[in-house]
Amino acid sequence: MTQPNLSVDIAGITLRNPVMTASGTFGYGSEFAPYLDLEKIGAIITKGLSLKPKAGNPTPRIVETPGGMLNAIGLQNVGIDTFIGEKVPYLRKISTPVIVNLYGNSLEEYGELAGRLDGIAEVAGIEVNISCPNVKQGGIVFGTDPKAAFEVVDLVRRNTGKPMIVKLSPNVTDVVVMAKSCVDAGADALSLINTLTGMAIDLKSRRPILANITGGLSGPAIKPVALRMVWQVARAVTVPVIGIGGIMTAVDALEFILAGATAVQIGTANFLDPSAAETIAAGIETYLVENGIADIRELIGALKTDR
Amino acid sequence: MTQPNLSVDIAGITLRNPVMTASGTFGYGSEFAPYLDLEKIGAIITKGLSLKPKAGNPTPRIVETPGGMLNAIGLQNVGIDTFIGEKVPYLRKISTPVIVNLYGNSLEEYGELAGRLDGIAEVAGIEVNISCPNVKQGGIVFGTDPKAAFEVVDLVRRNTGKPMIVKLSPNVTDVVVMAKSCVDAGADALSLINTLTGMAIDLKSRRPILANITGGLSGPAIKPVALRMVWQVARAVTVPVIGIGGIMTAVDALEFILAGATAVQIGTANFLDPSAAETIAAGIETYLVENGIADIRELIGALKTDR
Amino acid sequence: MQFKSMVLSNVEVSPSYFRMRMTAPPTIGVSCPGQFVMVKVNPAIDPLLRRPFGVFDLGTFETEFTDCGRQTYLEILYKVVGKGTAMLSTLHQGDHLDILGPLGKGFTLGDPAGEKLLVGGGVGLAPLYYLAKELVKESRVHLFAGGRNKEDILCITEFDRLGVETYVATDDGTLGAQGLVTEVLEQHLSRAGANATIYACGPTPMLKAVAFLADKYGIACQVSLEGYMACGVGACLGCVVQGKDHSEATPDYRCVCKDGPVFDQTDLLWS
Amino acid sequence: MQFKSMVLSNVEVSPSYFRMRMTAPPTIGVSCPGQFVMVKVNPAIDPLLRRPFGVFDLGTFETEFTDCGRQTYLEILYKVVGKGTAMLSTLHQGDHLDILGPLGKGFTLGDPAGEKLLVGGGVGLAPLYYLAKELVKESRVHLFAGGRNKEDILCITEFDRLGVETYVATDDGTLGAQGLVTEVLEQHLSRAGANATIYACGPTPMLKAVAFLADKYGIACQVSLEGYMACGVGACLGCVVQGKDHSEATPDYRCVCKDGPVFDQTDLLWS
C-alpha cells in the first residue's frame, strides 16, 4: 500500500499530520527539541501569550491528582515584546506551523494582541484562549458566557487576518451553545477542551495544595469529558474541531478523530514522555497502514452511533 | 482521650458518622451486608427510585476509563410499588437511616413520588436527583437550569415533610447558582456531585462503548472537580453540604469535610472494596483520635485559605 | 467473602493463556462450580475496577507453612486481552492480590444418571474444569472444546486425566476436527439421551448456537455468560442481560453477577 | 536524554531510605554533579507524573553482558515519602524504568584551591556524593550532614572512603553533635578561607539558614532546590522559584528544573 495521507487542513493551515502540541505544555517548542523531531509533528501551539509580561501565580502551581494533574501556573509568560524579540527567531528555523495561543484580561487586550501578532509572518495562526477572567467585568470568565465569548472572538476577528482557532472551556452547562457563539463571531476552527476547574487539599496542613486554591485539571482523567464535548460540538458546527484532553496514545487520538476532531492536541502527555507527540503521530500512521486506510480524513467523525 | 464524636446532623437526620453510601452504588444495602456491618455507617442512600418500574438502558452500561468509570444504567429500578412491597421490609431491620434517592421524568412525577414516600416511616429522608431530563420539556435536564431546579424542589417540598436533600449536577457553568436556587426552593441539605457527562469509544468497532453513547463519569478521576464544587457551594449556602466524588479513603473524606462537607457519600469505591464505607468511617475515627480532635464538627469547613 | 491472596504460581499454558494458582482461606465456600471471583489486580487506580474470572480449580495441598499442615488454593485460567490481564500475567509467586468471591450462581449438577456434555469455547473452558471434577464423581462427562486454532485449546490433558471424553474442533483444523465446536456437538446430540445436560461457556455466538441446538434436540442446557461488571454483587446493575419475559414496559433484566453467571438457557431472551 | 533502564539493585540503606542502582546508556552525559533525573515509576497512570531524583552516583562496572565488557550505571538515593517512592521501593533487579535526564544545571566546581564545604540535610545528601567524588580529585572537601536522628544520616562511610572529612549533627543527638547542622557549619565557617565554597542541599529552612551564614561570612554558596515538577525541561512553569529581582510588576521567576536545581544563593529571593 502507498503511504497514507495524514495531512489535514485547519482554518487554512496545512498540517503534515493531525498531531499538535497543546498550549502551556510544550513551552515554545525548543524545550522539547532534544527529545523529538519538531518536523514530525503537525503544529506547535505556544504558551499562552499576553500583551504585558505576566508573573503568574505563587507556588505550588501544580499537583498530581488521580489520573491527572491540576495546574495554576497563572498564565506566566514573557509578554508580546519579548516573544517577538526572543522566541520568534527560533520559530523561524522550523517548518512546522507555529500557532500562538493568546489571552487578555480585558476585551481590549485581546484585540490589541491579535492586531500585533497579525503582522508577524512566523505566526501561522492564533488560538484564542477564552478561559480567562475578564478583570474589568468582575472576573467573570469570557469562555463561560456566550455573549462575552462572542464579543472577544468578534473583536479578535476584526483585528486579524490570520487563521483563528478559538479554544473552549469545558466548565459550562452547554458547550454547544458556546461553540456556536464563537463560530458566529468568526472562529475558523474550535479547539477543546481546556482544563476543568478543580482543587486539591493537603490534610496535614489543612490548606489547599495550590497557592491559587483552585487549578485546571488535565490528563487522562478528563478524557471521557473531552471526548463527549468534542463529539457534541463536531456534530453541531461546520468548522473543524481540534480535540484535546488526556490524549496519551495514538489510540486515544484516533478516538477523538472518530468523534469528529480534524486534529488533536497533546498536553499533559508531553510531561510523561517528551516525545509523545511524535510517537502518537507515528502511531496514527501505523494504524492507517495496518488497516488499509488511505486518508486520515476517512476517519474524521466516522463514529457509528446507530445500533 | 475519650472517644471522639463522629455524629453529625443532616437536615434533622442524625448520622452516627458522616459516611453515607451513594445512590446507585450500594443497591438497597442488603447486597453489601455480607461485606460490612451496615450498623457502622452513617446512612444508606438507595438506588434512584421512580414512580413506575424503569427498564434502564441497553448494555453495555459501564466502562472503565482512566482512574474512573462511565455508567449509563439508565436509572433502572423496581418502581415505588415493588420498593414498598419488597425493599422496605428489609430496611426495617437496620437502625442506620435509609434515605431514598428519587427522580422523575416530569415535574408531576417528582411531586407524586415525594408524596407517596412521605407516608413511609422507614424512610428517614429523601435525596432528590435533579440530574434527569424533563421528558415533557424537550429533555432539558432539570439540574442544569436554576428555574427548572427551583420548580422541582419547590414542588417536592410541598409534597413532603421528610428531610429533603437535593443532589446537584456538576455539568453546569455555575454550581453556586444552582445550589442557591435549590436552597431557596426549600432544600434542607445539598449533596454534590453527581456524575460528569462523558463518553468512551471503541476504536476497533468505531462505536461508542456505551449503548447509550454517553454516560456519567465517577471515581477518583473526578475528585478534584467535586472538591472544588463542594468548597464553592459550602461557602455560599447555610444548609449542610454532603460531599461526593471519587472518595476512596478516609483521607479523601476528610479533605471533603475540610472543604465544607458535613458528611460524605461513597460511590464507586464500593465496587473496588465492598467494605469501603465502613473502612472509611473507621479511618476517620482513627484520624480524630490520633490528632486529638474531640469532634468531627471541628473539621467541617476548617480549610485555611489565607496565605 | 473478600480476602487477601498470595500468588503461588502463574504459568503460561499456551501463548497468552495463563493459569494462576493463589492462596485462599480454608473457609472459602464455593457453593457450586461455575462461580467466579473478582480480582483487584493492584491497589492503584489503574486499572480501577476488579476483573471477573471463573473458578478453574479449588483444592488444598500439603505445606509446612500453616498450622494445620494444609493450604487451600484457588486457580484461575485466563487469557491476556487487555490492561488488567496483561498486568496479572506479570505477577510472580509471592505477589499479593485482593479477591472478592466466590460470587454468583453456578452450574446445577442435576441427575447423575444423565450424560453431561460440556462445551467450552476458548478460555470459556475455565469454569468447566472445576465442574468436570465434580461431575465425574457420579456421571459420564464429555467435553467439546473449540477455538480458532490449537493454541486456543487449553488443558485438554487435565480433562483427560479426570476421565472426561474430549472432542476438539478448531476453525483452522490445527487440532481436532476442522470447523465449529457446535458441529461436533450436534453429531453427539443426535444420539444423546433425553436426560443429558449441556453446560456451555464461551463467546456469545457460540452460546447462541448451543442454545439453539438444545432447543432443537430438547436437551437441558445451562450457559455461563459474561458481562461488563463493576460491583459483582448485584448493586450497580451494570452487567444485566435480558430475561425471557423482557420488554421495555415490563423489564426483566437479570444480573450476570448475582442471578448468574450461569443461567438455564430457556430463561434468557436470545435476540 | 530519555532511556529505558533496568534496575540492578535496590537496597534499604537506612529505615525508609533506599539506594537504587540502574543501567544507563554509555552516552549518558552528566555535565556536572547536581543534575537530576525524572523517573517514570511505572507505565500506568498511577502515579501519573515523573518523580525527580538527584544523581547520587554514576559509573561503570565490568560485565560479560555487553559487547564492550562494561556497563554504565546510575544511582539514586531516595526516601520513601509518598506513593511514587513507595512503589519505587518495591522494585527488584530486572524491573524496568523510564528515565529522563540528566537534567538541569548542577554545581559549579570552581577554584580547586578553595575549601569545599558540603552541607546535606537528610536525603539532601543525595547529589552531594557525586559532587564529592569530583571535588576530592583536586580539593579539600568537608561534609556537614544533618538530620532528625541517626537514621537520617546516610552513607557517611562512603564519604569517608572518598577522603571527605565528615561532621554530623542530629536533632536528638543520636549521632554526632546534638543540634542543627548549621551550628556545626558556622563553627567551621568562622575559620574558613574566603575562597571556600558552600554546596548545600536539604530542606528549605536549612538552605535559608545556610544562605544567611554564607552572607554573614562572605562565602560563596550554591544551593540545590526542590520544586513540584511536571515536565522537568522548563516548559510547564510549574517548578519556579523567585529570582533576586522578582516583583509582581517585573517577574523574575526561575525554573528549578532548567535554570537550577542548583543556584548561586545570591541569585535567589529568600523571603
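In order of appearance the chains are A, B, C and D, and numbering begins at 1 in each one.
In this text, a residue touches a chain if its C-beta (ideal position, glycine included) is under 8 Å from a C-beta of that chain, and two chains touch if they have at least 3 such contacts.
Predicted model only: the values in this text are computed from it and were never measured.
Trainee: List every chain that touches both chain B and chain D.
Mentor: Joint contacts, listed by label: A, C.
Trainee: If you tally contacting C-beta pairs for every chain pair, which pair wins?
Mentor: Ranked by C-beta contact count, first place goes to A-B.
Trainee: Centroid from C-alpha atoms only, then distance chain B to chain C, rounded to Å. What do you get?
Mentor: Taking the average C-alpha coordinate of chain B and of chain C, the gap between them is 36 Å.
Trainee: How many angstrom lie between the centres of chain C and chain D, each centre taken as the mean Cα position?
Mentor: The answer is 54 Å.
Trainee: How many angstrom lie between the centres of chain A and chain C, each centre taken as the mean Cα position?
Mentor: About 47 Å separates the centre of chain A from that of chain C.
Trainee: On a C-alpha centroid basis, what's the spacing between chain A and chain B, in Å?
Mentor: About 34 Å separates the centre of chain A from that of chain B.
Trainee: Quick check on chain A: which residues sit in contact with 2+ other chains?
Mentor: Touching at least two other chains: 66-68, 219-220.
Trainee: If you look at chain C, which of its residues touch at least two other chains?
Mentor: Counting only residues that touch two or more other chains, chain C contributes 45-46.
Trainee: Indicate which of the five shapes (line, ring, star, complete, other) describes how the chains touch one another.
Mentor: complete
Trainee: So in the complex, which bits of chain C are touching chain A?
Mentor: These residues of chain C touch chain A: 45-46.
Trainee: In the complex formed with chain B, which residues of chain A make contact?
Mentor: Touch residues, chain A against chain B: 58, 65-68, 70, 144-145, 171-174, 196-201, 203, 205-208, 211, 213-215, 217, 219-225, 227-228, 231, 246, 251, 254-255, 258-259, 302-305, 307.
Trainee: Using the touch rule from the top, collect the residues of chain A that touch chain C in their complex.
Mentor: Listed in rising order, the residues are 66-67.
Trainee: Mind listing the chain D positions that touch chain A in their complex?
Mentor: 1-2, 40, 45-50, 98, 100, 227-241, 246, 248-251, 253, 258
Trainee: Please name which positions on chain A make contact with chain D in the complex.
Mentor: Residue positions touching the partner: 24-27, 31-32, 34-35, 47, 53-56, 59-64, 66-69, 71, 73, 76, 219-220, 248, 268, 270-275.
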